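For reference, the structures are reproduced in the following blocks.
Across the two complexes that follow, chain A remains constant while its partner is chain B and subsequently chain C.
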Partner chain A sequence: MIRNAWADLRQYPSAIIGLLIVILLVAMAIYTLATIPYGEAIRLWRGGEDIWQDYPRTASPEWTNFFRNKKLPSTVLLDSRQGHGSKVVEPRGALTEITIEFPFNFQADDFPQELAIFFYATFAQKQPHVEMTWLTPDGREIRIGEYSPRGRDSYRFEGDSRLARRLRNVPAQQALFTVPDSDPPVPLKGTYTLRLSALVFEENGDLDAKFIAYGKVSGLAGTDHRRRDLMVAILWGTPIALAFGLLAALGTTVTTMFIAAFGVWFGGLIDAIIQRITEIVLILPVLPILIMVGTFYSRSIWVILGVVILLSIFGSAIKSYRAIFLQVKESPYIEAARAYGAGNLRIIGRYLTPRVIPLLIPQLVVLIPSYVFLEASLAVLGLGDPVLPTWGKVIDDAFRNGALFNGYYYWVLQPAALLIVTGLGFAMVGFALDRVFNPRLRGL
Partner chain B sequence: MANRSSINSTLLQVSELVLHFRTSKGVVQAVDGVNFTLNANEAVVIIGESGCGKSSLAKAILRLLPRNVHRYAGKTFLYGLDIMALSDEEFRRTIRWNRIAMVPQAAMNALNPVTRVGDQVAEPLMIHQGMKKARALEKAVEMFRLVGVPEDFVYRYAFELSGGMRQRVALAMALVTSPDLIILDEPTSALDVLTQANIMNQLKRIKKEMGMSFILITHDIATSSELADRVAVMYAGQIVEVGDAQRFFQEPLHPYAQKLMASVPRLRETKDPDFIVGQPPSLINPPAGCRFADRCHRRFERCAEEPPTVEQDGRLVKCWLYIEDGVNQGDADYSRRQD
Partner chain C sequence: MAEVSLSSQSQLAPPLTRRPGWKTTLRVLRYSAVRLVALFATVVVGVYLTILIANMGGYVDEIKKAQIREGVSLAVSMDPANRALTPTQRNELIEGLVQVEVKRLGLDQPFLLRSFALLTDALTLNLGRTNYLTSDSGSKLVRMVILERLPPTLVLFATANLFLFFFSIFVALRLSRNYGNFADRLVIALAPTSAAPGWFYGIFLILIFSAFLGWLPFGGMVDTPPPADRLRYAWSVLRHMILPVSAITLSAIFLTIYNWRTFFLIYSSEDYVDMAKAKGLPGRIVERRYILRPTLPTIITNFALLVIGLWTGAIILETVFNWPGLGRLLYQAIGLFDTPIIVGSTVIYAYLLAITVFILDFIYALVDPRVRVGEGGGR
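Entry: the complex of A and B
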């Protein structure tokens, strides 16, 4: 049966493409679940600067450089603790002189976003003293300043007013990377070096440093306003979207079908009760109820899912299924089934309901993305799960932070594209499945 | 069932079976006090016009009742067991298909359109004998061979089969559990004569080989005469004559049966087929007394009263003509007309 269905399905190119998309999404979901566990995802997504300090803000994905004439810089991260650059330790009597040099090659056509140094100093009483010097590819030597780090400390170039004065109020990340006297300013390409000369005053003292020249592109998915890598949300959005869509679609269509079948088969009071409940539920406004639940009770995605299923079980589908079942119930083959002793459940399960499966399959498969969209819509309305990273949540964040206004198109387009691709994939599979599982459509 | 000796030979005894439906116009007396018996390995043919309650009788025996039942009463004994006393669930599990199977009317449409026919034939075995699917399918193939359907058809859907093939599949489905009795409700209507003959021959063979009993419901007297051991004539919800087929076809007793036989066209006879004036009475409000009286060419005063069923020439007939002196009169009349 399955093998035959597969053989039939292969005849439709759209089904193959759709199936590939669905398989890809499922693979993505499985990969995500395997690599970023649930707890870890929530920790990352809710984390602040301490987790994401190495990432730039609102940086485009790296692959966008492929389409740009002026290549944007990616982040340069040099950490002496990880053996980047060179670190020379020279004892000078009671003092120790530590020289850390961070040479790096810069080839982008735009300036970095921001410059920062993170110090990791070890001392008991007296802080080490650091002198920072910038060496450009054309041999200039620019004094940045002096700093006395207190343990774990950071020095942000932007926040140093004396440096700003010395650079004539041109932002440091621009001034330090410009070809001299160019107008408009053009970045100078070549090998830059940041030299940190430190004096450590204690015997057991030590100093390490991490230099970050924040780029304007980052990772495969870019970052958001809180420096979070969007990849986390894009990846975690997949299993959540699939689970939400599949559970909601299956939960509503299958239960609706069975409720309608039970009502029709047993008839009488059962049917009347089901129909009255349906009529009441039909006039209930779904979105306001969801907003109410989200506002007053819980914004957990699973609670919302439960409410969606509850409200859709007695939906208008019951009426259309009932119309079909009423007709099917009178078919000679149903009476024949009764005659050969099939029980009520068997008749409902094997004789009544299979007649609407051809109707149900495309509906089910088209419903999956529609529930994914519903989840996204709720997120955009501010009712998204506050804990979980989802595609809708990313769009919501982008929307609130003026992504389109500021030109951060990647921020909106990536989750939107995934939503569209999900819908497309399921729709293509759905329509092909319809032809395969409905023998009557065959040969049309 | 006091008579033990009859238990072994009498397969089915139906007594005073009543099935009335409730409709918006009134109560339809579709089956109204039917009595007949059927012996093992015997075929009884129930003939009658459309709407006389033949199919309702079949449904009443198998307890396949629609929702609008008004009255369902009487007794049905299967090998002496009162099956009317069983609960619905017991009846479904022990009687339907295990003991009594049915090939429903319009059997061509009686197949599930979304199941392969092989699976469907196997289904009763899985329901009633808890057989595994593979084993049941083997049995289904066996049945297909028996009724003359190619074996590879088990993997087809009903709509991929011709009418005759579907009819055979429905028959295979009835045979698969080897029941004591099969009720065939117009099994050959809507089929061409060659296929009809073929199926009747299959039935004859099955009856001989498997020792099965049949109730054959039909309005096609010619075709049914092939299989019939006994004939029951039904009119307006009642059986008016039942008896040995040979003698019935030679000489029907009840005036209605006589007219019915006269309406069958014959080869090599110049005489036009006869017909009966008027229409069968409405079953909502059947006439008092003999229900055939209005159309009867032999009507007399007593017909205004309900006629009793009397034994005549080893047959049972429900007519005033055969009470006392009426007997000879009826016989004489019929034989004179035949000349």
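Entry: the complex of A and C
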């Protein structure tokens, strides 16, 4: 029967597309699990500036530049510890002079988001003294300022009020990159150099620096308001969505089927109780209860999954399964099974339940996306899993930070697109399966 | 209870009457009475479960007691009249005041007993006072807060559902008449888009029509400040309704059309339809008498499921669109741990659901002559 079903299924182009999507998603999930382990994903997603300081805030994905006339800059990161730029160490009597130069090519049509230098100074008593100079492609030299870093220290251009005064209150990342006297300001393209001349006062003292010109595009997925690379959430959302959808759909349909079968087979009081429970559950407001569980008890995705299954076991599907089982129960082959002495469980497992499998499979597949969206819904209400990155949580973050008002469309669109692709993939397969397994729909 | 007496009356009545019409009416009455009792019982159990969950199995009482103790201690220590008291006396005073307050709120009783009191309060719609939220008119009565939020929810969903219902039937009938054409295939291809819920389409609609094009408002129900003129007010509400109604419609329409078209097709392949066509009956009559009538119960059941589904989906849709309805209220209340509103809101939901189910049951019984009311509710 399964082989026939496959042959039938191939007749539907939508089913093929849907299957391809599902296979792709599964591959993506496996890739994610292989490259970023569970613990690592949580560590990355919970991490703050210490992990993400090299990334810009709310930067669009790099590929969006492909559709733009004015190309946005990507992040420039130069680290003297990694051998970027040049570092010259010259002893001057008791002192040491260290000159670090960071030349970089700038070709974007827009200004960077912000500029920062991270210093890594080694000293025992006296801090080194750094003089920072900016060299533009057209040969101008702009004094940025002086700084005495304390060990690991950072200097942010925007936070320097003296520099701001010198630049006539134009933000540094704009003033330093503008074509002189252009209005509106146009970025000057070419090779810029940041020169750091440091005086180290101690014999064993040393200084290294990392210069970052934060861009407005970053990575394949962009970043959020906490500088986190959205790729982590996009990737990790896949296995979570699939696992949640699949487990919830399997858990509810299969247990529902067995409960209906038990009820019909044993009949009487058991059947009546199951019927009454079903009616009560039908009237229970599922979403509010889920929200309450999320607010009052636990927001862990696995607890929510358990509650979802618990609430859906006695769903309306019990009624339709029951109707089928009532018919099947009277079939001669069941009587034959009884005659050869088959036990209750054997009859339920081997003879009764297999009869609804064709009905169950399409339902299971169609249910998966609805549970995937349920997880996203809860996340949008702020009840997403507190530690795990999911698509729904990304959408929630985006909404909380006014992504639509501020024009960070990628932030909402990427997880939303993945959600809809997942939903469509499973729904297409499910609809085709429904038409294959359901003889009344064939040819319609 | 009224329902019970009604059902016992109807059990006695049939032998006295001979007219079949009267008998049917009685049967319908008895059937609905039994249904009403059963539904009420399910509402009771459902609401009781909600009360247990919303009070965290009695844990909320502990929180309340701790709050009372804190408040009383603060009041006693701040009062200059109590400055002369020794610490023991002060503690006794605090203890006494706490006991009085706990007794006043009935918190000295075990939670099991209190839960039944809460249940009767909830079921009689004696919903009490809110913890934090107030209605726009300033009332802290849960009933007032909820009543204020009910109309927006009803306006939004009645509009969306009615449109969805009639439009889908109309289109589905046309498609089933000449199935296999381009429009039909398009609907089949688009049916899987209903996998996404309404709020999800809402995000996209806001993105396109509010953020990008700037034609329609981002959310809310009326402009701020609300226009004083009635006509202008209605126009403003209408403008705000376009996006949420479209979102609800988009998320359900293709699947609904697909389902109904399929049902119509199954029924129009019956022999009696071929017979009617062979007799030369006009298409409209065939459609009305031989296709629409037997499928009516199914259509109505589908509609019921749609209504119930949309009602539960309203929480997120209203949140996304900032619509001041019941769903949004519930969301706010949960965020503020406002238990009375959660329970009150849930009771309203349960009642609305039960009433919907009951009315549909009743209509179902009226529409389908094959449903033999009163003969065992089992199947």
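Just so we're on the same page, the second predicted complex is superposed on the first by the 402 of 444 C-alpha atoms of A that agree within 3 Å, B and C clash if a C-alpha of one lies under 4 Å from a C-alpha of the other, contacts with A are read in each partner's own complex, and residues count from 1 in each chain.
Heads up, the rule we're going with is that a residue touches a chain if its C-beta (ideal position, glycine included) is under 8 Å from a C-beta of that chain, and two chains touch if they have at least 3 such contacts.
Bear in mind the structure is a predicted one, so any value in this text is a computation, not a measurement.
Peer 1: Which holds for A:Ile347: it touches chain B only (first), chain C only (second), both, or neither?
Peer 2: Neither chain B nor chain C is touched by A:Ile347.
Peer 1: If you stack the two complexes on chain A, which partner ends up touching A:Leu287: first (chain B), second (chain C), both, or neither?
Peer 2: Touch partner of A:Leu287: chain C, not chain B.
Peer 1: Residues of chain A touched: more by chain B or chain C?
Peer 2: Between chain B and chain C, C touches the greater number of residues in chain A.
Peer 1: Check the residue A:Leu310 against both partner chains and state whether it touches chain B (first), chain C (second), both, or neither.
Peer 2: neither
Peer 1: Once the shared chain is lined up, is A:Gly267 touching chain B (first), chain C (second), both, or neither of them?
Peer 2: In the superposed model, A:Gly267 contacts chain B only, not chain C.
Peer 1: Scan A:Pro332 for contacts with chain B and chain C and give back first, second, both or neither.
Peer 2: Once the two structures are laid over each other on A, A:Pro332 reaches chain B alone.
Peer 1: Same chain A residues contacting chain B and chain C, which ones?
Peer 2: After superposing on chain A, chain A residues 440 contact both chain B and chain C.
Peer 1: Inside the complex, what are the residues of chain C that reach chain A?
Peer 2: Residue positions touching the partner: 38-39, 42-43, 45-46, 49-50, 53-54, 56, 179, 188-189, 191-197, 199-200, 203-204, 206-207, 210-211, 218, 262, 265-266, 305, 312-313, 315-316, 319-320, 330-331, 334-335, 337, 342, 345-346, 349-350, 353-354, 357, 378-379.
Peer 1: Flag every residue of chain A that touches chain B in the complex, lowest number first.
Peer 2: 267, 331-333, 335-343, 346, 350-351, 354-355, 357, 439-440
Peer 1: Applying the document's contact rule, which stretches of chain B touch chain A when the two form their complex?
Peer 2: Residues of chain B touching chain A: 62, 64, 67, 92-93, 96-98, 101-102, 104-107, 109-115, 123-124, 127-128, 157, 159, 170, 173-174.
Peer 1: Spell out the part of chain A that touches chain C in their complex, as residue ranges.
Peer 2: Spelled out, the residues of chain A in touch with chain C are 14, 18, 275-276, 279-280, 282-289, 291-293, 295-297, 316, 323, 326, 366, 369-370, 373, 376-377, 380-382, 395, 404-405, 407, 409, 412-413, 416, 419-420, 423-424, 426-428, 430-431, 440-441, 444.
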